[in-house]
Each structure stands twice: as structure tokens, then as C-alpha cells.
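A, B and C label the chains in the order they appear, each numbered from 1.
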Amino acid sequence: MASGYLLLVADLIGVAVFAASGASAGVAKRLDLFGVAFVGFAAALGGGILRDLTIGAVPPLAFADWRYATTAVLASVAVFWLHPRLNRVRRAVLLLDAAGLGLFTATGTLKALHAGVPAVGACLLGMLTAIGGGLTRDLLTGEIPVVLQRDFYAIVALGGAILITVLDRLGVTGLVPLVTAAGLMTGVRLLALYRRWSAPVAVP
Amino acid sequence: MASGYLLLVADLIGVAVFAASGASAGVAKRLDLFGVAFVGFAAALGGGILRDLTIGAVPPLAFADWRYATTAVLASVAVFWLHPRLNRVRRAVLLLDAAGLGLFTATGTLKALHAGVPAVGACLLGMLTAIGGGLTRDLLTGEIPVVLQRDFYAIVALGGAILITVLDRLGVTGLVPLVTAAGLMTGVRLLALYRRWSAPVAVP
Amino acid sequence: MASGYLLLVADLIGVAVFAASGASAGVAKRLDLFGVAFVGFAAALGGGILRDLTIGAVPPLAFADWRYATTAVLASVAVFWLHPRLNRVRRAVLLLDAAGLGLFTATGTLKALHAGVPAVGACLLGMLTAIGGGLTRDLLTGEIPVVLQRDFYAIVALGGAILITVLDRLGVTGLVPLVTAAGLMTGVRLLALYRRWSAPVAVP
């Protein structure tokens, strides 16, 4: 009960942070208030919608539970009004985004496994839950998705999804390993930011 | 029986108009005949396909009822051949597009409600039914979706979807309130065009 | 048994070829190793995922059978390392791509028919299975989909899908007509390449 409530709060924090990233991109592209809220919604919930459609969980959580859409829209509207002040909290946003990455990957992978998706597919879906929102945000604002170009982001999610799948197959379940794995991903992501890790690019 | 037939005819008129908007965008981007028909199909039926996938109605109506795809393709091919003459009927197209907005929102919201989607999700899905096609059209032709940038379009759909959900929850069902709500949206949309209403854009 | 195995091998060859086309586009856009693999995965499996979601086959084959994702990723990584040498095998790639077109259309159309999709919808879904991956590849790399602009590609798929649907409705089933239809599409596609056929573009 209490752990379910904690997970929901953590999930909604992830939604708010991802929505803020989407809304910031929308403001930068001079979208109107509706456009900013829409891109925020898509950035926060696009990955989860894709995951839910893929595992046959309809309607997706984003449409079935009003708290998700409401959180995403409120966070987006806040960015719309407050964005000039957001630069001051840029470090906090990066920290929360890393936390969202860990959490969305962890819950996405577990949902896929529990829906009966085999291990490889579940790892891919866990990663897609985390990066799908950012992909959608970039496509809606006319950019080649940044997650495909540089940065050590999706690889952290994929590694974390594999870890969670292995733990689940070994019978290690419950809140503690979930939070540990999410925390580990968050830590690696922050380390990657700090050390400026990046994946290789092909020689021309 | 007769009302079902009327609704189908109205729905197909909406499909034809939205297909024409997609086909026009395709012609402007110098796509070939297939591309024009494809973008027309996506503009007319993309929103409904998204809605049907989200509520688990598979295969979506666009693939289950041949009259939808056929109408979309015929309208697109007509635009391909006749587009130089379309400027003359531009006012008629805007009027029909406003009617399509009202009708697609109304039927989309009701379908979501009847599929058991909660109120907030049903409003979002009703709006997505109306704007999803235009979004797809713009993404396929390499544009940032116009519905996100300016114009008083999605907000009309969202307001109409809320109205329909409230009516449905109050037990007001049937063809008359549906058509009234669709007509109201069409009217507000035309007023917004005439008065050049627009949503706010964030200060830089 | 043996024919099922043959079909799987043929399907995986199609996946590898389409993944290679996606990965090449990713390398050309200077994506990192993850981005190249992701676009390769999307190009190889995006069409099939779209088809499976549309007919309600969840989770889609791309997530349910690890051999599909593994093949796509291995082919993409191979292109990442070997791409400077790919120009030398360009003719082989075009041949294999034409074979993939025929095969993906054939299997996609049949899957839709067997899932109970009516004839017109099944033809559209068969075509989408073949062109959906390329569409996704182009959207992810910021291009207007090439299949919409020129080239005699989607029309071959659509014609083949109609042929397969007619054969199926006439009771002609089994591996031989399937392979014949796929071979016919491959041949027409190669002829279209050789003769530089193209669909008409609207007069400005």
C-alpha cells in the first residue's frame, strides 16, 4: 500500500520532469500555450503510451488515470510561465531527469515482463519507455532525436533494463531491488554527464 | 437506422475534407501521386487510427470499413488533379474543415467514453481524433505541426470534448446533443478564424 | 515445418536488409552507435510493429521473438563498422531490398487477412508492412519519406497485396503462391529500378 503510493509519487515526479523538458523545447520553438502543453504531455507520456499499446494494456495509463495527464499539463504550463527562471535550476532538472530515466526504465521493464513479454523484448520496451517521450518531443519540434545523436542516455536505460530482467529471472523481486536498479541507472547517468561519456560515431 | 446512416455520411464528409487538406500539403511538397494519396489517407484517418488503437478497437475503422479508405483516397486523387482550382473554393474548404473538427471530436469523445475510458482520457482522445490527422500530415511533410504553433483549433476541440463528456455524464445522450455540440464547435472555430483568435506564446 | 523454417530465414534476411538501409541512413546523419542501431531496428521492424498493433497481435513479433531484434541490431552494427565498403555491394543491397519488399508485403497481407481484416484493409496493411520501416527511418532522420516523393516502390507493394488478397479469396493458399507473388513483386521492383519508372507528380 505505502510502497504503491511511493511508486506513484515517484512516477508522477518523473512525468513532471519529462513534461518540463518537452515544454522547454516547445517554448524554444515558439509554440503557443496549447503546443507547449501538448509537447510536454507527449514527452512525459509518449514512452509509456507506446509501451502500453505494445503490451496490449488499453487504454494506456496516460488516458486511464487522470493524475498522469494532469501532472504533465500542470508542469508544462508552469514552464510556459516560468521558463526564464528555469536556467537557474538547470542542475536540479538534470538530476531529476536522470532519476526519471532510472525510474521509467525500471517500471517499464517490469510491466513488460509481467505482461508476458520475453526477456529481449522486455529490455527493449523498458528502454523505449524511458526514451520514447524524448523521441516524440524531438519529432514534434522538427529535430532529429538527440538520443540518437550523442549522449550516454539510452545505453544507460538498456543496461538498466537488462539488469532488472536478470534480477527478475533470478526471482529477486519487490521494491528494494527495483529502487536499487533505478538508483544505479540514475548514478551512472549523472556520472556520464559529469565525465562527458559518449557512444562512438562511425568514421566517414 | 436513419440516424446511423446520417452519421456515416457526415463522417465520410469529414474524411474527404481532411484528406483534401493532407493531399494539398502533399502537392505543395511535390510528392508523387502515391505520396499525395498516402498523406491524404493519414490526414483523414490518422486521428481515428490513434484513437482506435488506444481504446483497443482493432482493427481500426480505417482498415475495417473500406468506405473510409476509399473516400480518403478518392478525395486525395481529386485534389491531385484539381488543385489549381482549389483556391477558388478555399472558403468552402475552411467551412467543411470546421465541420470536420466538430464532428470528429464529438464521435471520438463518445467512442472513448463508450469504450470505458475515464472522463479526462476521453476528452484527450476526442481532441486527438480531431487533431491527430493534421499532426500526422505535418510530420510526414517535414513541418512542425501547425496545430501546435498558432491558431485556435485544438482548444475548440478540447472544449467541445469536455462539453460532450459533461453531457454524457449527465445522461444527455442521442443524436440531437451530439449534433448540437458538433455544430457549436464548428461555429466557435469559424468565429475564431473570422476574429483571428490565437493562444498565447511564451515571452522569450 | 521445413516451409515454416524457410519462411523464417527469408523473413530474417528481409529484416537484415531493411536494418542495413536504416543503419546506412543513420551513419550518413552522423548518429552514434546507439542511434544507428535504433534506426536500423526501426527500419527493419517498424512496419511489422505497426501491422501487429493494428491487428491486435500483442506484443508484436519484434518484441515477442528475440531473433528479429537480434538480427536487426547485428546487421546495423555491421553497417556501422563496414559502411565504407558497402558501396561495392550496392547492387546486392538493392536486389535484397526488392526481395524484402516482396516478402514483407506477402507475409503482412496474409497476417492481416488471417486476423480477420477485410480485403481493402488487408491490402493497405500488407503495403504498410513493407513501407512502414522506411517511413520510420526517414522520419527519425529528419527527412520527408522518400517513398512518398518518387520511386516505384509502394505501388509495387500495393499491387502485390491486391494479388495476394485475390488469390487468398479464390482459395489459393500455401507456400507456392506466396513465394510466387513475392517473387513477382521483387521482379517488378527490379524492372522499375532498371527502367526508372516513377509515379506522376502534380503540375504546379
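Please note the rule applied: contacts are C-beta pairs under 8 Å (C-beta built on N, C-alpha and C of every residue); 3 or more make two chains touch, one makes a residue touch a chain.
All of these numbers come straight from a predicted model, not from anything done at the bench.
Student: Rounded to the nearest 5 degrees, how far is subunit A rotated relative to subunit C when their C-alpha atoms are superposed?
Tutor: Here the rotation carrying subunit A onto subunit C measures out at 120 degrees.
Student: Check the residue numbers that subunit B and subunit C use where they touch, and answer same if over half are used by both copies, otherwise different.
Tutor: Different-residue interface.
Student: Just the number, please: Cα centre separation of subunit B and subunit C in whole Å.
Tutor: Each chain reduced to its C-alpha mean, subunit B and subunit C end up 30 Å apart.
Student: Among the residues of subunit B, pick out those that touch two or more other chains and give their numbers.
Tutor: 53, 56, 139, 142
Student: For the complex, which residues does subunit B have touching subunit C?
Tutor: 26-27, 29-36, 38-39, 49, 53, 56, 58-60, 62-66, 69-70, 80-81, 83-84, 139-142
Student: In the complex formed with subunit C, which residues of subunit A make contact?
Tutor: Subunit A residues touching subunit C: 53-56, 112, 115-122, 124-125, 135, 139, 142-145, 147-150, 154-155, 198-203.
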